[in-house]
């Protein structure tokens, strides 16, 4: 089927994306470093605290993006060339994250308020943009259900699309807050991460599972053995 | 079958290549950095614009190479030792990309025209060479259809070979342009990337799909469930 | 089944984790470097010995964590959202390791005793914390056997839980030792690694295999061909 | 079967190793860099030639190790704990390669002969040691055929063991040559790489294929479709 339509299954795209996520998340630590001199090691470790916070915030963001990427590709049946390209643009953003992370970690430790502000705004613009590129990946797949699993109810496709658009504004708002208070913006980035990690995602999945249970009982599948090589549809 | 002929299936080769692509594309960001001092952060971020452009251009090139690598290995049935070696030579080039990318990003921000020129030519020679090594991977597999999927029509093999040779000259021409205008060459690299990303590839695939539909109706496959672990043949 | 309960099989989580382990373990070498001048190369290589020791100790720790991660996921049937998050927190720690490793390698080569002590304590606190986050991954899965393979006897689940809690204290003790003697602590880290690598793990597995053999003879499986794509259950 | 004996199939071990190979081979480029000033870019690029040679030699070595690792794991049926550990020790060496590669590239560009010699000897000792650790992985698996595929004829196991021991001495000899002429040793490393890449490996595989053809005609397999997810046995 895939061959006939000029589409391919998503496994190699997902594997490549997972690789990029894994590398980008691990490269973040390269941006964390202390000064070789200028006080005791305790002092030099302590003064670098913005680097640690930036590291954790960016780690959480990449982790969240990975989780959501994982989520949406459970509902995408096949990949076409457009999906490959939009996914590449999205990954370009993900791979870029270590740079603004390092800049934010370094400049928040500097005394110049203007530079602190610039650093946090630069960071916020980056993740807001990435969030938008992520949405385009989903929208491309969901438009007229071109690349969506046939068993996925349309109500869920719409719910996911809506939740996507809700994902971007908080980062944009936090970025605006950075104009007055860079540190508040940094705290907001962290809070947004926590919110996106735990409840909304979880609730959504419970809803999805509930709807699915009602929509497709598929009793014959209940007894099937779970095949570890297979993404659940 | 594979065992008898001293050939192996291509899955581990593809996985390894994908890993290298993913890492090389992610490492590009390590070459992007700003000066620790010498003006406001806004200024220091702005003056580094050639690094960002180089980052995007190289990201696009590695992405394109990955897409094409993906493409040609859909048509390659098995790997022999020669394919492993030629693929390694190709990957040696891919892994090298972060170095000329960083050099180009750094030197285009320098005032010396001669160094700008050298940097862009060095970059262009690198990607032209990589493009050639990529062609050899395909030619090795396609020569007398040694490693090609039996179901792949010969007309398509020839079409792919032709399109390969068309891929290299544009980079070579842009490299020559760098002698007079490094920035024009940089813009050309970007345009070539865009052209290679969107239409030619897409058109070719549509053609391929069309030809295949005519050539092999395989009606019994229409109802098969898509197996996510299987590369479409 | 997985779909109905809002749970997914663990394969993508394991693949992502393996990628992170592989990258973190390979990035360690970036922290190893010699001075560009200040004596013969032999001297400059020799004076950096704490970097090599730190490299080996951290390599062993990441290797052990990978082996144990491998182990526990053999017994985990499915992943839920909580497991994803706890695993991410654990990986945040694993990705952090290159930083304290580099600090320890650099500072142990410095003459200041206070800095040596700080570096080794910082390192020890990091790995003790990581060890704790690793335990939470298992405890989350094992609590009321939510995510455990049904065929896994409860006695083994309890045995693994117990062995987990035994894993953390030695690192904590070695960290306390660093207050008086950083080098002794470093040696202890290495010895703990060796102990965790060879016998305890091996013995446990032999016990596990023995119990399993008694518990589930499964004579019909004896003749099954080993499927390389399948994690043994 | 695997479960009962306390052994597991080798797929996750191979995947992890492949990840490490891919990352180590890609990280090599981080060690290649030019001076920020001190002449035209052309000059600064040219003076760094030993870095490029070191890069290519190390890339070839890691590539060869990956190819051979691939080879021997085709003949290994299952992994036990010892194989995991010995493989980790081997990977510790592979991950270390970027460091001596960078040292060799930097110091060969320095005028001090003693430092050039030290750098090349340090490099040679590293790869000789890695070669030995690689042999232990195979020997552990091949000893009394504990972990070997049952269908693999014993004559081939012995042939591979023999060819392993022939692999290490050339690197050791080249390292000794470095005492008098570091550059000759570097050339020798490159020649050894070429020899190991092309003919010996190829010939051996042809021999293996020939012996296998004679030993196990398996006519029923001839018509089987190649399963891309399956390592040929």
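Letters A, B, C and D name the chains as they come in the text, with residue numbers starting at 1 for each one.
Convention: a residue touches a chain if its C-beta (ideal position, glycine included) is under 8 Å from a C-beta of that chain, and two chains touch if they have at least 3 such contacts.
None of these values were measured; they are calculated from a predicted model.
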Q. At the place where copies chain C and chain D touch, is the share of residue numbers found on both sides over half (same) or under half (different)?
A. different
Q) Among the chains, which is located farthest from chain C on the basis of C-alpha centroids? A) B
Q. Chain B and chain C are the same sequence; what rotation (0 to 180°, nearest 5) superposes their CA atoms?
A. 180
Q) How big is the gap, in whole Å, between where the Cα atoms of chain A centre and where those of chain D centre? A) 36
Q: Find the geometric centre of each of chain A and chain C from their Cα atoms only, then give the gap between the two centres in Å, rounded to an integer.
A: 26
Q) Among the residues of chain D, which are close enough to touch at least two other chains? A) 15, 19, 23, 27, 30, 229-231
Q.
Quick check: in the complex, which residue numbers of chain C touch chain D?
A. 14-15, 18-19, 21-23, 25-30, 32-34, 36, 40-42, 45, 55-56, 59-60, 63, 66-67, 70, 74, 197-198, 201-202, 205-206, 208-209, 212-213, 221-222, 224, 226-233
Q.
Could you list, by residue number, the parts of chain C that touch chain A in their complex?
A. 1-6, 8-12, 15-16, 19-20, 23-24, 27, 30, 77-78, 81, 84-85, 88, 91-92, 95-96, 98-99, 102-103, 106-107, 112, 114-115, 118-119, 122, 229-231
